Every structure is written in C-alpha cells, then in structure tokens.
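Please see the structure below; I have some questions.
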Amino acid sequence: MTLTAQLYDRLSSLVVNTGWRRGRDAGPSIPKDLIQIARSLPGLRSETRGMAVAADVLDAYAVLDDRGKRTFFEGMRDGFDPEQEALARAAETWLKSRDPGDLESLSRLAEPPRQELLRRLNMAPGGTARLVGMRADLLRLTGGDTSFGRVDADFRHLLRSWFNRGFLELVRIDWRSPALLLEKLIEYEAVHEIRDFRDLQRRVLPVDRRCYAYMHPAMPDDPLIFVEVALTKGLPDSIQTLIDEARGPLSPVEADTAVFYSISNCQTGMAGISFGNLLIKNVVAELSRELPNLTTFVTLSPIPGLRSWLEERAAAGEAPVRALLDDPQPEALAAQTARYLLLAKDGRGRPRDPVARFHLGNGAEAHRVIAGADLSPRGRSQSLGMMANYLYDRTRIEAQHDDFTERGVIAAPRRLQDVARRADAEAGGTRTDAQT
Amino acid sequence: MTLTAQLYDRLSSLVVNTGWRRGRDAGPSIPKDLIQIARSLPGLRSETRGMAVAADVLDAYAVLDDRGKRTFFEGMRDGFDPEQEALARAAETWLKSRDPGDLESLSRLAEPPRQELLRRLNMAPGGTARLVGMRADLLRLTGGDTSFGRVDADFRHLLRSWFNRGFLELVRIDWRSPALLLEKLIEYEAVHEIRDFRDLQRRVLPVDRRCYAYMHPAMPDDPLIFVEVALTKGLPDSIQTLIDEARGPLSPVEADTAVFYSISNCQTGMAGISFGNLLIKNVVAELSRELPNLTTFVTLSPIPGLRSWLEERAAAGEAPVRALLDDPQPEALAAQTARYLLLAKDGRGRPRDPVARFHLGNGAEAHRVIAGADLSPRGRSQSLGMMANYLYDRTRIEAQHDDFTERGVIAAPRRLQDVARRADAEAGGTRTDAQT
Amino acid sequence: MTLTAQLYDRLSSLVVNTGWRRGRDAGPSIPKDLIQIARSLPGLRSETRGMAVAADVLDAYAVLDDRGKRTFFEGMRDGFDPEQEALARAAETWLKSRDPGDLESLSRLAEPPRQELLRRLNMAPGGTARLVGMRADLLRLTGGDTSFGRVDADFRHLLRSWFNRGFLELVRIDWRSPALLLEKLIEYEAVHEIRDFRDLQRRVLPVDRRCYAYMHPAMPDDPLIFVEVALTKGLPDSIQTLIDEARGPLSPVEADTAVFYSISNCQTGMAGISFGNLLIKNVVAELSRELPNLTTFVTLSPIPGLRSWLEERAAAGEAPVRALLDDPQPEALAAQTARYLLLAKDGRGRPRDPVARFHLGNGAEAHRVIAGADLSPRGRSQSLGMMANYLYDRTRIEAQHDDFTERGVIAAPRRLQDVARRADAEAGGTRTDAQT
Amino acid sequence: MTLTAQLYDRLSSLVVNTGWRRGRDAGPSIPKDLIQIARSLPGLRSETRGMAVAADVLDAYAVLDDRGKRTFFEGMRDGFDPEQEALARAAETWLKSRDPGDLESLSRLAEPPRQELLRRLNMAPGGTARLVGMRADLLRLTGGDTSFGRVDADFRHLLRSWFNRGFLELVRIDWRSPALLLEKLIEYEAVHEIRDFRDLQRRVLPVDRRCYAYMHPAMPDDPLIFVEVALTKGLPDSIQTLIDEARGPLSPVEADTAVFYSISNCQTGMAGISFGNLLIKNVVAELSRELPNLTTFVTLSPIPGLRSWLEERAAAGEAPVRALLDDPQPEALAAQTARYLLLAKDGRGRPRDPVARFHLGNGAEAHRVIAGADLSPRGRSQSLGMMANYLYDRTRIEAQHDDFTERGVIAAPRRLQDVARRADAEAGGTRTDAQT
C-alpha cells in the first residue's frame, strides 16, 4: 500500500469515527490527524485522488466542534509556513548573487504552502463556499490573536484572486428569483430587518423597487452582497415612509430618483474584500440604462456613530451639544450632524462615521442630513432619528474620489458646509476631536 | 490634475494614436508607455478607474504588432520583479530573527508585483480570455528565451488558480449547442481534422456519438478542452471505420464500449495546465451513469513517435526492425509497436511516446496495438498505420497511477507484455534506448 | 373614420371612463358596449388591431364588478350563437342533398361565433390566463343557470384544445423554484394547508420530498395542478407523522415507497379538464427512472364522504354502524371504511367516495384503510381519522382501468374485499345504499 | 381481452409488420387498418392508452409510402364526417324548435369527429410537429382534389387555434443560437439562398445584422417563419451590395434604417396561416426599443411578377413596353415598375404582384422602385433586376391598412404615383389589365 493510499484510508476511518455529527467533541487527536492528512494534499500527483482527499478534509472539518476547529487552525498556522532551511539558503544565495533566477527561486520558496493547500481544497465540490465559511470560522475563533494573521493573509490573498471582479455577475433579484436565494436576503439583511417572505416581497415585487446582488459562479446559491433600491419622486424624508407597507407603488416612468436604502454584505468569510463600491456604481449604470428619466442617485443611510460622538462632545464640555442631548431640536441636531459628518475625524484623520467613510471613499457627496428620518428603536438610539443622503453623481464621482483619497477633501454642498462650520464654531470646539 | 488622471489621459491618447489598428508597427515608444501605465495599475485605489485602465491596457496591447508585444513582455519581465532593496532588507531581517512576522513580510515582498498586475488586468471585461491570449503570445514570441521564464511562471501561477478544477464545468456538446461554440471545435480539433459544420455534425449528432468539454464561467464561448467519444460494440479496429460517413449509427443501449478517439486542447495560452486527465475520468463517470450497459472505456490513440523510433533502431543496426521498415508485416509491426510502447524510454526514464505517457500517467493500461488502424497520410507517415487502445478501468485506475508514478510500472495485459519482451529479445537490443 | 376605428375609440373611452378601478359599479351600459365591441372582434382584418382590441376588451372586463360581469356573460350567451337564418338554410339544404360540401357548410355555420371570439381574445398578451380566469368567473356567477351551459361548453372546448396534454410540461418544483411560483402552491394547496414559506419549505426542500406540477407555456407563472410526494420506507401510517416538522429526513436511496399525499388543482377556471390522472402516472414514471429502488407507489388519501355515509347508515337503522359512531373502535371502523370504499355506490352506480372514484378511475387499487391516520380537525370530522392508500402498480394499471370503466370492477386485495363483505353482512344491509 | 386492448395489439403488430421502414409499399390494407384504429381513438377513456395509441398511429403513418398516405387521407376524409343520422335528427329538431339547447346539440354533432381525432393525435410526444408534417403531405398529395377540402379545413381550423398568436414567441437568432436551429434557416431560406454555415454566419453574426423568428413551444427546434434584417445608413440600392461578403460592418448606433431583405415561411404544413404581418410589426417594435436612432423601416423586396406582366403588356401591343424589353433603360423600366406595383390588378381587383399584395395588405407604403438592385440570375429573369422598398411607418400603418382593405387605396409617395400614372398614360393603356 502506497503512502497516499494509507493516508486516504486513515482519513476515511477518521471521518467514519467522528460519526459525521456536527459539534461533537472530537478531542485534540482528530484535527491533528486531519492536519497531517492535509499536509499530504499539495504533494498528491493524482488529481482525482487530490479532489477526493480535499472533499474528505472539508467533510471532516465540517464535523469538528469549535475547539477542534481552533486546533485545526493552529495546524494551518504552524504546519504550512515556508520550509525554513530551504528558504534561508535561497535568501542567502540571492542576497549574494542578486541573480533573477535566484530571485525566482526565492519568490517560489517564500510562498507559504498554505496557499497551495487552499488551492487544493478549492478543488472539492462546493469547495469555494466551504473555504469562505472556513475563513468566517477563522475570524470568529482566532479574531484577536495576531499569530493567526498569516493564516488569514493567505485566505484573503486567494479569495481576492478567486473573487476577482471579472468573475462576478450582477444579478437582479425579484419575486421570480429562486426561494433559496431570496431566503439568503432575509438572513443577511443587515440594515433594515426583513421579517419573512411576505416582508421581503415588499422589497422586491413592487414596480418601484429594485434589488441587485453580486454572485460568483462557484457559489450559485449564495449572494456576496446585495443592495435594495427604491424609485421615488424627489428625495425621501424618512426610511419608515419609504418602506411603509400601505404605500401605493409609483410608476417607474414617473420616478426621478433612485434611493439606495440598504446595502448588506452576505459573507463574513469575505471580510476585508469589499464589493460595495463597485456594486453601487454598476447599479447606477444599470438603472440609468433602463430608466433614462432617473436624474438623482442617492443613499438613505444610517449615521451609526452620531450619538456616541455627541455624548463625547457633551462630556468634553460643549454646552450646545449637552443641551441638544437633553432636548433635541431638529434644526440644531441637523447642524451638529452636519458637523459630525464633515468635520469629525477618527485617529487616522478619516471621517469618523464608518458609513460616511464608505460612501465618501467611493466618491459620493455628503448631500443632506434629515431629522426624524429613522424612528425605529435602533435609529433613535444610534443617531437620534437622523439619517443622511449621500449623492452619487456620475460626472463627479471620480474627481471626488481622487480629492478624498489623495487630499482628504469631503465633497458636500456649500450650504451643508456652512451649517457644519457654524455648528462647529458655536460649540467652541475647533474640530478638537481630530486628535482622538 | 492628479497623477492617476494624468496617466489615464496618456493612455487614452496612446490608444487613439495607435489608431486601433492591429498589427501596425507601433514603434518602441508605445509599448514602453504602456508598461509605464501598467505599472501604475496595482497602486490605483479607485476600483472603477482600475477597471477602466485595465481595459485600456488590454485594448492597447491588442493593437500592438509582434515587435511591440515583445517589447511589452520585456517591460513585464524587467519592470515587475520584487522591489530589490526592500526584499533584501526583509530577507536579512528574517535570516537573523527567524520570526514568523518577519517571514510573513518576506513572503509578501517576495511575490513579484507582476502577479498583482495580472490580477488587476483580469478585472477588465473579458480580461480572463485576453490574458490567456496574452500568454499564448508570450509563449510564441519568447519561447526559447529563458529570461522570460519568470514572466511565464507568474502567468501559470495565476491561471492555475483561476482555472482551479472547482470552477470548471463539464458540458455536453451536441447539435443543439451554440454555433459559436461548435465553430471553436472545428478550429481546435487537433487529432482528426473537422472540415466544416457538416463534418462536425457527424461527430456530435448521431445517437452513438458524444462530445464533452470543460468550460470556465469567465470564458463562456471558449472551451478549454474537448473529447470526442464513439459508442461501439466491441473494440474498434480502425479510426477510418469509426468515423466513416456511411456508417449506420448504433443504438446507445446496444453499445458496450465507449471509445475516446480524439482529445484536443483549445487554448495554447493554457499550456502546462492540463485538464485532459480529469476530463476523461469525468466523462467515464458521466457515461457510466447514463448508459449502465457500457463496460469498457478505451481510447483509440495515435502513436506519433513510432516511425522515428523504428528508424532509430534500424540505424542502430537492429536487423528485424530494418526488415520491418522495408516490408511492414502486420504481426511483426504490432510486436515492435508493443515493444515501443512498453519498453522504449525517453531520457528521463519515462515512456518515450508522448501519448502513451499521457494515458499511462492517468492510470490507464496499454491495452492493445492495432495494425492498419489509421490509414490517413499522417497515420501512415507517423506510425505506419498503427494505433493503440489505452484502457480506463475505474477499479484499477488509481492503483495503476500509483504504480506508474511511484515505480514506473506500465500496466499492460500479460499477452502484450510477452509480445513486447519477445520483440525486444529478437531485436537483440535489451532496451538500449533507455539511455537516449 | 372607419367602423373599426370608431369601435376602437369607443372602447378606449370606455376603458378610460371606468377609471380602471376594479369592482366599481359600472352600470349596465358598459358591459353592453363591451359586448358590442367584442362582436366586432372576429371580423377585424388587421391582426395588430385585433390584438389591441382583444387586450382592451380583457382590460375593460377586468374592471367590471360582478353584476357587470354577469351582464357581459349574458351578452356572450345571447350575442354569439350561430347565425340562425343562415344555419337554418344550410341545414335544410344538406338535409335534402346529403352532399359532403353542404355538410361542410353546415358544420362551419354551426360552430358558435363565441369560439372565434375566444380565439381572438386569446391573442392578447396574457390572454390565456385571463380567459381561464374569466371562466372561473363564469362558473361562479352563473353556476346553477343552465342557460349559460353553451357559453361554458365553448370555453371548455377551447381550453381542452389549448391545454392539450402535448403542450403541458412536467416541472419539478423545489426550493430553487421562483418564489412567484411557490407562492401559488401555498395559495392553491387544497388537501393539507400550507401556512407560509417556512411550512412550504418542509414540503419541497428535504431530500425525501418531491413536488411536481404541470405547467403550460402560455401561463409560465401559474401551475395547473401539483402533487406532493414523500419518499418513505414502508407504507405510511399517518399523515401527521409524514409531514411532522421534527422528522429527520430519509436518504432517497433507502426509500422503497413513494407516497402521493396531496394533489391540488390550481385553476378553478379549468374545472372539468382533468390532469390529475396523467400527472400521477408521469410522476410515477419520473421517480422510477430517478430512483430505481422505489417499488411501491401509493397515495395517502382522505376519505371525505365517510362520516356522512356512516351517519346515513346509522339513520337507516344499522346497529353496528350506530355503535361505531358512539364508540369508534379502530378495527370495526376500518371494516366499515373498507365496506364504504368497495361497496357503497352513488346514484349512477359509481363508488360513492369522490376520491376513491378518482383513483379507481385512474386504474389504481384500493389498497389499505388506516385508522387514526388523520387526526386533524378536518380528518376527524370528515372521516373519524381514517385514511386510505390507493396503489398505483404500473403493471396492472391499464387492466384495472379497463375493468373499472367497462365493468365497474374495483381492484382491491382479497383480504380487504373479505373485510368489506363481512362488514356489509354484519350490518345486515346487502349494499342497500346502491339505490341512493 | 377488451376491445381497446385488441385494437392496441393490432396496431402493434401492424407497426412491427411494416418493419418501420419508410417508403416501403405497405399495400392498401395497412393504412385501412390504421384508419380503423384511429377511429377508436376519440372513444378511448384511458388517457395514457390514448397517448400511446396516438403515438403508434403517428409512428405507423410515418412509415407509409405516398400511396399509403393517400389511402390514409381517404380514410380521414370518408371515415370522420359527422354521424349523418344523428345530425339529421338534430337539424330537424332544431329547425322545428329553434331552441338554444337544440342548437347546442346541433353544433356539437356538426363538428366533424376528425377534429377530435386531430386533438387526440396531438397528445403524442412531438405530435404537433408531426401533424404539421402530415398536413404538408396532405397538401402535396391531394392538392388539386377538392374532395379533401374538408380534411384540410379541419387541419387548418385546429392549427389556427394551436398556433394562436398568444402562444408564439419572438426569438432573436444569432451565432449563439443552437446549430440545430440555424440549420433550419439554411434549409428554409426562400428568398436569397444561404449556401452553408459560413454563409449563414454573414447573415446573423455581424453587428449590423439581425434575424428574428417566431417559435411555438411545442416545436422548440422548428422556426415557423423568420426575417433577416440589415441595419444601414440610408436606403439600400442593391441586394448584392447589402449582403456582400467583403462589406465592412456598420456600427448599429450609426444606422438609421432597418432593411427587411428576406422573409421566409418554414412550414409548408402551415400554409394559409400567416405570421409574416405580425412578425414584421413585432420586429419593428423590438428594434425601435433597442436602437432608438432607427427612423426608417423598409423592405428590400423582389418583384416576382414584373417580367411576365411586362411581356403580357408587350404582347397586348404596348409599344413602350415592347421597346423596354428589347433595351431596358433604367428610368423607363422604373416607371413601368411603378405602374405595375400601383396600378396593375389581379382578377379580384387586388395588386397583381404577390409581394406587393402582402406588404400593402400589412399597411406598408409602396415607397420606391430601384433599377439594378438584384443582378442575380433570378432577379434578372423575374424582374429585370428591379426591386422595391416597402415602408413600414408605425404612425400610418393602421390607417393605410384600413384604406387598403376597405377601399383598395395603395399608399405611395406622390412622386411615385405621378411616375406610375405618366407611365400608364404613355403606354396608352388606362389600366386595361384590371380586367385580367
């Protein structure tokens, strides 16, 4: 019996012994055996057997409990680094010779075998989706521990390559979409909860609603990210009005505005690999083609960091802000919100609000702040009911993106800038939080 | 005007100046400018602009003539190696510390920026197919020059990752397939020429014919590889009889044998990334499912190196072989063919015949040699009309693969082995060609 | 302005005047105008205009309230009979001549122009589905009134032709099916209510469940009829166990039995045009192909008429039955159920139970009666918890169909026949209900 | 054994006896047996058996030779008329009573059982396509014989109902269409021959070409009718230029004109059931949507009857026409062509040219005549190289259709009318051919 055949037999018995039951305490020996088998994977010369072992490893991984998975990740961390002695020799050789051929060897040996392991696991049926799930486990179970950083770096490196934008498909989702897919939207909606299929129907069926997602061919049942759009006449004043059940739908030909009111990532295993920027721009292009009467593309966005910033300002002794928290007058609240969006920075000098950071980074304009726009418990608690419109103007988006990324300039209408500056002056703070 | 905007303008004028005419002598300056623009690509932070620049680079590349393309590849070779000083520092640091964090930095810096360039180019619409085409150009224009080896290594590395088996689709091709796709079969058929659609129809329409291809989602109109199959009763004796136009088709339920009589790679840009092994095994599985009455899966394969080996043997003074070339008696010819397939080795100790090498490496058995099986001009000239059947027996394929790759054992029926050994003995040469 | 143009203008103003509001009291004049316009339809020579008028008539019909619709149907009844004088002349001519040419004229004139009207309306976009809906209205609003019989006959005649079996598609419905379609299943399920999408998921998603429907190409979003199937090991004893939420699914390869536990017609407008017979047989064929290990195909069926028949028997003085109603012992109840299914007849000598009639008419066997099999309120109230299995045995189905339709023979196992006969004898009634 | 079972056995042996060989002389007894079996079909109560018998009848029909088919059609003619005595009684009853119920009976009995036979045959797999083929046989084999008129009337009646416009799909055909479908275009192209796939490619692949077909869901591989369109800048002057192989394609956004240069019916079995009118109008609508820059929709049409009419006029003594035939000067020829299209009538007062009749009947305008526009042998021989443009102007199409069908008015530009009238006056004949 050859070595690979032995390993294969061992894996099979391993799989049988775990009893295929999820969450069972597999003890430390099983994930360790699994790692040893995984180590054989990059070396297998028979592709057919390689695929079979990859499938078995993923199957066996799936039945591990969290402790077992952590042990498995320790194995991935410690057992798949570049081969040290060979690499050291290659490094020394090249440092002396500076020869391109030696550099090529160095590059090759410096690539962690973990990457080849991941490529091999990806050959199993459904491998891509399962690796995305494995990375979600990795982030969840080893999140704070920097020693796993190189494991995650290899995951991210390959996912970025496999989920290259050129491979993604923009898909319109509507009431004719498969239930299997729609179900994922209910599960993943992060901004304004979808309760059930009835509720979802109101987001995708009416003629003045649109929903788009990015899909990857290797994960045909799993959207990566989706955005919900409402077609309106004029800018919307409230999220509750926008998604009101009793609302009569608007004929799309009468609409002049497309409102992006919710954008949700679906895969925690894809963290750090952003598609939102491109999705919004593609949907703007798609809608412009379909409905030439649309002139305005805005978001209706939450302002998640508003209240905590206001409380910070109040604690720092700003009287007008303290007054506002006691008795939030719409106009004064709007002014401080403008100040927050346009002037408040985080420790790295970026806009402090994460949603603002995302849209401004995409090249959008901070267009408007709206009092009383989100009266849900979360809306009241996070942002005292305030929301914002970010405007995507295709003629200015690239220039604004450059101004923002290269010089930190935030695009906003003159009026909003004035309001923000006045509110800043009144509060006496000259953007003092820029140091936080 | 920002730097990226300047570059973008420069590329646009470049594209306009080339006049978009293929094959025009662009002079050396244009590909050099192009490379400089390409160098900016990995650093672009706006994804939208990144995609636009990628598309423009590929468009501009497409209009270069061969000299321009070669200059472009020189730029890829010389301008996208790892940054030497930073890498040298990282190598020295790690050599001293042997710290995992330092190793991670070293790995990151050792990856040639060429790979990121290729990933960025892949974001352009149709990027994948165009990069496959670019590699075909690279192999054609720089083939013998080892200094381009690292450029090709990066191409191969990424193509291998993107064309991961998990992303491929096995597609049955028949007379209902798109003409666009069928046309590619006519173009790519490498073994037994397809003259036109009428001729192709005879390969895919009759009930006793099958054709399967691997497709990649990013190249929906371009097969990667395809195989043509004939369903027969018993082993076939001749390729001409097998694809005879006048032949009456056999009902698939009466067939007991599937004959793989042609397998063709479609993309020269995918050279070195083999799918044939997996394709045959997948098709065997697919046909077994559909037609449980099939018991035998064989190829009907050319023996391209037979005549030149016979001539070599004759020149080396082997009288029986010399006699054979003068007056090829079927039985004696078959015996020498068996000897060639089972005993003749190349300089690395592998079977000398490339087709034998491929199938034996897949775990197939060298099953039978057939005289007078290919009477086409090419068949006569390459192999004196001889062909071979390689047998894919699913119960033995993995074991045979292991025996072959680990110990060089060639699977063959006892009878054929005896014939080969006797022919070897008669010729007096005890496998003397093993040294060539 | 030509006549057709005038009519067209009139229809447009008619449509505008009704304000497109459903259910508005349109008064008697509008449906009458509508009928007059409809009368012009068969004569229109421009096909484009014909389609436009057809669409407008259907649009205008849709906004009528029930009174308006009834008036419209009166118009269809009175205004679209064959032209009497011409027909009378043709009849007299042929009665004298008995000439084939005269017969052809008679046939042509005897076809009610209503049929041509319906064919013309069917040209409107979505016409087929709307005509099916119109017939549902007709049955609902004029049900008892025999004077509308000829209107319905023409509807039925054309629907039968358009919904020819050759045009139907057997479609598997699962959790990947469009939500739009799944929603219809929730709406139409007639046997065991589906509460919502979650509940539906349990009927179509698990590996041991199947659902099939007949679809018509002109109604791509509307199933005609669907059947729900459970794969089991052995015959099922209870519907509640079968569709229990907590049940662990069975691997299909372990199943030996397919249970048809619900079959629902979706279109009341298709009443009298049955697809159930064919659907069951097609699904049996489909499942046999996919899962060769299935040996038994049975229904798990309600017995809707059982209690009322028992009460009738009790009222007629049958003591054992009266005792049974007071204290239903399973064995005795099963015996009387067997008697009911096998021996009780309706006024036309057919099996009295409508579900029995359907399955026996299809050639199935009355296979088994099961006590305590349906403990839902409806199950208890209609049939004291009893259910029946009808067996579809492909080798006997045609012969049993013939025996049943030609000689009234009910296929049942000897054992069940004996039980039924004994129960009959005990109750003293020798099938006395045959006279009812 | 029941009657139906006996019949079924007889059919099976019949089918076996014919040996399933097409064109074999089956002798008169087989088609007669077949008819007797067909007669049992409408009465079969088991749908499954009905479908099986229908399939067998169509299979057995397919192997008949022409003599056998004719005998079969005689059976259809003589054996499927309404039941005479019952019909006679119903006619007499109604003539007396004039009761609606009696009328309904009369209508029902007056429908030839042939129609039910055809509906039953349509239930066989592929039945629709085979019945269309059967009608093609009927027209070919019994064409001149009026006694078969009632058989054909029943075919036509049902095909018209089944191929209701509401069931048809407009399909764009391009180089991604299935080869199976494209092959039919090569086969059916009636106007400008397509030699092979290469030639076809030039009609469907270039960006300035379009091809559309009507398909029926029951015949997914068989187009009913298709039209070929060229996008041009300005009106085309010649069919040869239009389909020239060397032509460089025009970008669709630069085109202002869509030219319908070929329209072909595919099914001779659908004769008399026209789809061309609707197809052109649907394609005009489709193209207008896709390419808003298109302002002009014209045909480039042959004038098949021109030469024979000119020869007639010459024979009737018209000197200018005789001169023209000897020495065809473009301008004079164009004038006589205008006269032919606008003024020459057939015996029923309709435009004499069949192509003109078709387009004018659709509401098009006779827009232009072009000398030297078709220099193919057929073009020269039929029409001395002349072609015509018919203009489809969506704003005028309905009015022109009404004017033409109700009052015989031919739409044409003033200029062309003047030319035609002058040519008429010069020839001395004041539309004298109106009497022919």
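Each chain gets a letter, A, B, C and D, in the order it is written, and its residues are counted from 1.
Everything below uses one rule, namely that a contact is a pair of C-beta atoms (placed from the backbone, for glycine too) under 8 Å apart; a residue touches a chain by one contact, two chains touch by 3 or more.
Keep in mind the model is a prediction, meaning the values are calculated, not measured.
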Chain of greatest Cα-centre distance to chain A: D
Rounded Å distance, chain A centre to chain D centre (Cα mean): 58
Approximate Å spacing (C-alpha centroids) for the pair chain B, chain D: 50
CA centroid of chain A to CA centroid of chain B, Å: 38
Residues of chain A whose C-beta touches two or more other chains: none
Chain pairs in mutual contact under the definition given at the outset: A-B, A-C, B-D, C-D
Chain B-facing residues of chain D, complex: 175-180, 182-183, 196-198, 201, 221
Chain D to chain C touching residues, read off their complex: 2, 4-5, 45-49, 51, 81-82, 84, 87-88, 91-92, 94-95, 98, 100-101, 103-104, 106-108, 110-112, 119, 122-125, 127-128, 147, 149-150, 153, 158, 160-162, 164-167, 217-218, 277-278, 281, 363, 397-398, 401-402, 405-406
